[in-house]
Amino acid sequence: MPKCTVNGIEVEVKDGATVIEAFMKTNESIAHYCWHPGLSVAGVCRMCMVEIEGNPRLQIACNTPVQDGMVVYNNSEKVKEAVEWTLKFHLINHPLDCPICDQAGECGLQEYYMSHGSYDSEMAERKVKKHKVVDLGEKVVLDTERCILCSRCVRFTDEVTKTNELGIFNRGDRSEIGTFENRPLNNKYSLNTVDICPVGALTSKDFRFRQRVWFLKSFETICQGCSAGCNVQAYYNENGFYRVKPVPNEEVNGHWMCDEGRDVYKFANKEHRLVSGIKKEDSGLSHMAPGAAAVQLREDLSDTKKAALVLTGQYTTEEYLKFVDSFTKNYGNEVYHWINNPKTFDDFDGILLRGDKNPNTVGLLRVLEGKGIKSSWADLEEKLNSGQIEHLVVAGPENLAVFPDLEEKVTLFGQAQKLTVLTPVKSKFYESADYQIPMKSFMEKDGTFVNHKGIEQKLGRGPIVVSQALTLLDLSMILDGSDFISVNSASMGGSL
Amino acid sequence: MFELSPEGKELVKKELARYEDKYSAIIPSLYQIQKENEGWVSPEAVDHLSELTGIPHSHINEVLKFYTMFNLKPTGKYHIQVCCNITCSMFQARELTDDLCQKLGIKEGEVSEDGRFTVSRVECLGSCDNAPAVQVNETYHDNMTPEKMDTLISELK
Amino acid sequence: MEAKLLSEHYSDDSYIGLEGYKSKGGYAELKTAFKMKPEEIIEVVKQSGLRGRGGAGFPTGVKWGFLPKNGEPRYLLCNADEGEPGTFKDRVMMERAPHQLIEGMIISGFAVGSHKAYIYVRGEYMDSVRILEKAIQEAYAAGYLGKNILGSGFDFDLDVYRGAGAYICGEETGMISSLEGKKGQPKLKPPFPAIQGYLKKPTIVNNVETLAAVKYIIRDGAEGYRKYGTEKSAGTKLFSVSGDVNKPGVYEVPLGYSLMDLINNECGGMREGRKLKAVIPGGSSAPVLTAEETGRATMDYECLAEMGSMLGSGAVIIIDETRCMVDMLKVILHFYHHESCGQCTPCREGTGWLEKIVRSIVDGNGRLQDIDLLNRVAENMKGRTICALSDAAALPTMSFIQKFREEFEFFIREGRSQVKG
Amino acid sequence: MSIVKKENSLSKWYLPGILKGLGITFRNLIKNLTSRDEMLTLNYPEEKYEYGPRFKGNHVLTVKKDGSLRCTACMLCATNCPADCITIVAAEHDDPSVEKYPINYEIDILRCVFCGFCEEACPVDAIRMGPEWQVPGVNGASFINNISELAYRPSLGGGIKTVLDDEERIKGGI
């Protein structure tokens, strides 16, 4: 474990660590573009210049291993001038696209220009023109003029996905990143290239032009898309959620997340959400406040002899604990686990993507085990077919896209005399249900997801989209007899 | 669709086995493609080579576009490459190129109408003692003058 | 005073073939070397003071000593990617004496314990490739290459790899990248090639002339070799002289030889009796010398370094009074702009910027502040990149401006060249 | 402000002052009737006051030489607006050299404080504050100006063209 001094701060690093890692550890700022903790070292942007005591030449921090007793600093005039000049070199051929560039506001060039540059350009010559708005398939748009050739994206497709779509073609200042013959960049992790691009060369088609980043706020939470449980940052403003990006967590997702997971913000937005409680009556569907619908459900259930509960792995552990407890206490031990895609449930693509498309299957199984509930899906089917279930309560999924069997299953559930669907999102398949009660999405609540490895991770609560929607905790309180809705939902947290 | 001749494929196979790393076969294979494909490497040819060797096409494309001796456009039967680097340009190589282009009625990099000539400026050919140096396909011609160039052109016709 | 060591038989056509080569003492040193221990050879090379002839001038024996001392497989690469403008000695060496190189390589391979070697020849040198390939076949047939050479128990395979036109492949790690079938982009150091080079194995890269010289060090011994040259720059060196002299060509002289003598004696003086204006002593990347400096210069590593220039690959470009230095710099900078691999930002963008500034001066659009700007851009490209290409563009720029500033100022003020009227 | 009047004998009387005042009134009446140019007031709304060229009135979105909007939908005006009265919806343009443009650009003129920050923030000279200011409306909605109002209202005569065009911009390497 060598020790070194970074800008006067002593720090101990792992064997073989580089100087830039020492900087990261001390939280001393160091400009860098090409270095990324999840990729190999390229050493090409030349921004991370440091002065090492006893070495007259400036060195790059990303490829210099720390030696015991090394004294390194990057706050000397010599380093500052070098970094400013390297930034100048980056910028001389960079187009003035900031007004139309999606990266503006979170762009490495803008950032370092403000912190290390602030000079007047001396470039009086023509800039090099390259290709703009290159369509790289369904997800990514490329602008080679904005590219600073840090090669992060190329290393990503070479090292992480190993799909090798991207390359740097030509040489010198004619170099351009791209795919061979502009073929699509359609691997399952392609949007990570957009995240790691320090400039606006790669932009996401989904997010493109929809919002300027400085209008967005963000919070950290856990991806709901599958059992991997990737840590993500969700971005929103008063109009809803706009995107999610991965947050590094070495234990869970490293630095990446899949493209599927990038869509999980969509169903949390208002246009997809169920906003009021719906009760089917002879006269038609009657809309009411969710709490009122829940109270009516309680009354309805109290007459029932045979009620059953179906749970999906899309709710938090806390909700399962309380709700299963209330339900079994009040209506008996009929609790079933709905597995959406049994055939591909155990799949794994070797990087992140899991076949189990529920964020908290392990949490659910732990709760059921803890309660001593052993049930099989076949039992439920048999009971439904034979009409043994009077009232079936289904805690339905949020992410309908990963439930290919939704229609089929809802038809099956319809065989119960009465069907209640608890759901955050609207679906036409639910229209036949007797009760539809709106639930909060994972973006709007606290709680725990347990990923496939059994790692418990806390959700970070974001803004409330549908303030009147319930959580299973609220619902269990109502089932237990309370007519008040807990403080958990509407009264806390900012509303959109 | 471009496809290598059987001999060409054989050569690629041999090159793949010749070096410790199969990637080393890219450059010799591209030379072979260029030879068989009217003096240039087309995108289809890159695809073909990628299929043949199992090397990602983006990688082959990177190599192809990095090295100046691979042409990305069709070239004439005789590729006249005039060195315009320091010593040669001291001895009027640039004027010689302009002159030549004018005579053939083409711009640099273009193919003459009869499909025989392409003229391009290249960097040092390593024949500075005989400046200006000109390379036609793989043959060097030294101490070029406009007159010698005329003779050369007429001989190549 | 030509000292013919390597180039003794270059004028003899039969020296190209194996028989002719053997009749002139060829492959004799190989037998001598096999009687020595590899460490002894390295020691002799160290003692001889042989320094890399490709440009950097790093002591060869010391470089060999960096290899890990275990049995790990390692490679010997011969750098024949001679791209430095003004240099053509390697081509002459390969075409006039291929077996000399092969013999030098076998000895060097034996010394460093490598069993596989490549000669990386630049793509344009098709003749050299053909001649080398033929010579290698002859050598295999005669048992100088292959398994158990001359009964010594030493196996050595040699192959030729043809580049495809990229100056940067002359940089040792760029060459390794190219040999690995990638773009010829230099690699980050550390790790150095001697630890992790070709295919991540220890690799030694030496210039054609360096490897060929090993044969003569074995022949004459360290002391014999040191008879030529100076204390710190031992031995002889092949210089590629081009430009405004009467007899341009490759000349072998001992290091420390006077530059004026080289021009006047070997090269037959200035062309058409014109006046000397400047000399680029070590290829286009070496800072230029004025006529006055040329008068004092001796051709060795130390003297030229002292004058702020370098010996480089030994490409001497003689410039007479009729040449416009602004135009020359434009040609040089165009070359570096064209050849920058595009990896490191200062070089990728800086070479283009430099060329554009000089081009606008030549086009008559220059501004007086451009001269300082050129200087500052060059200053900030120096030493900031993975390899030395950006230095190679920066150094001549700075020296041209420093030594011929009034020519640049004239060009900007008048919109025309000072010398061409 | 206090005016110190010199007491004199006449000022003690009522009528002389009145007559003097009426005289001024009558003189001006005659003057206004005979030389209307020198009249200080305007017959609004038939007559309108002409403001200086730097007056910050209703916004104008400038257009390019081909008549399309100059605006690139960068949202800097909306960011800079202290009254939060600008709403822009951006979209992808078919022409890659344009790339981004506004499909909707609205200014709520009732919220606008006419500070001119939008004009200052604009990097491409796409928004200017024009000379007009008195635009009546019948309800709240008629004060929300959209693209057709901002760029192509009849008073602009087909749109105000900016000086620098894309070609010149690219030529200049900007």
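As written, the chains take the letters A, B, C and D, and residue 1 is the first residue of each chain.
Going forward, contacts are C-beta pairs under 8 Å (C-beta built on N, C-alpha and C of every residue); 3 or more make two chains touch, one makes a residue touch a chain.
What you are looking at is a predicted structure, and each value in this text was computed from that prediction instead of being measured.
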Item to complete: For the pairs B-C and A-B, output the one whose chains share more C-beta pairs in contact.
Response: B-C
Worksheet entry | Separation of mean Cα positions, chain C and chain B [Å, integer] | 24
Fill in: Length of the line joining the C-alpha centres of chain B and chain D, rounded to whole Å
65
Worksheet entry | Whole-Å separation of chain centres (CA-atom averages), chain A against chain B | 50
Item to complete: Between chain A and chain C, tell me the centre distance in angstrom, where each centre is the average of that chain's C-alpha atoms.
Response: 54
Worksheet entry | chain D, residues touching no fewer than two other chains | none
Practice prompt. Mind pulling the residue numbers of chain C that touch at least two other chains?
Written response: 166, 183, 338-339, 341
Worksheet item: Of all the residues in chain A, which ones touch at least 2 other chains?
Response: 125-126, 168, 170-171
Fill in: Listing of all chain pairs that touch each other, if any do
A-B, A-C, A-D, B-C
Worksheet, complete the sentence: Given the complex, residues on chain D that touch chain A span 72-76, 79, 90-92, 96-97, 99-100, 123-124, 170, 173-174
Fill in: chain A residues touching chain D - in the complex, by the definition given at the top
96, 98-100, 104, 125-127, 129, 132-133, 208-210, 212, 214-215
Worksheet item: For chain B, which residues are in contact with chain A within the complex?
Response: 43, 46, 56-62, 65-66
Practice prompt. Would you mind writing out the residues of chain B in touch with chain C in their complex?
Written response: 18-28, 30-31, 55, 59, 62-63, 66-70, 84-87, 89-90, 122-131, 135, 138, 140
Worksheet entry | chain A residues touching chain B - in the complex, by the definition given at the top | 164-171, 179-181
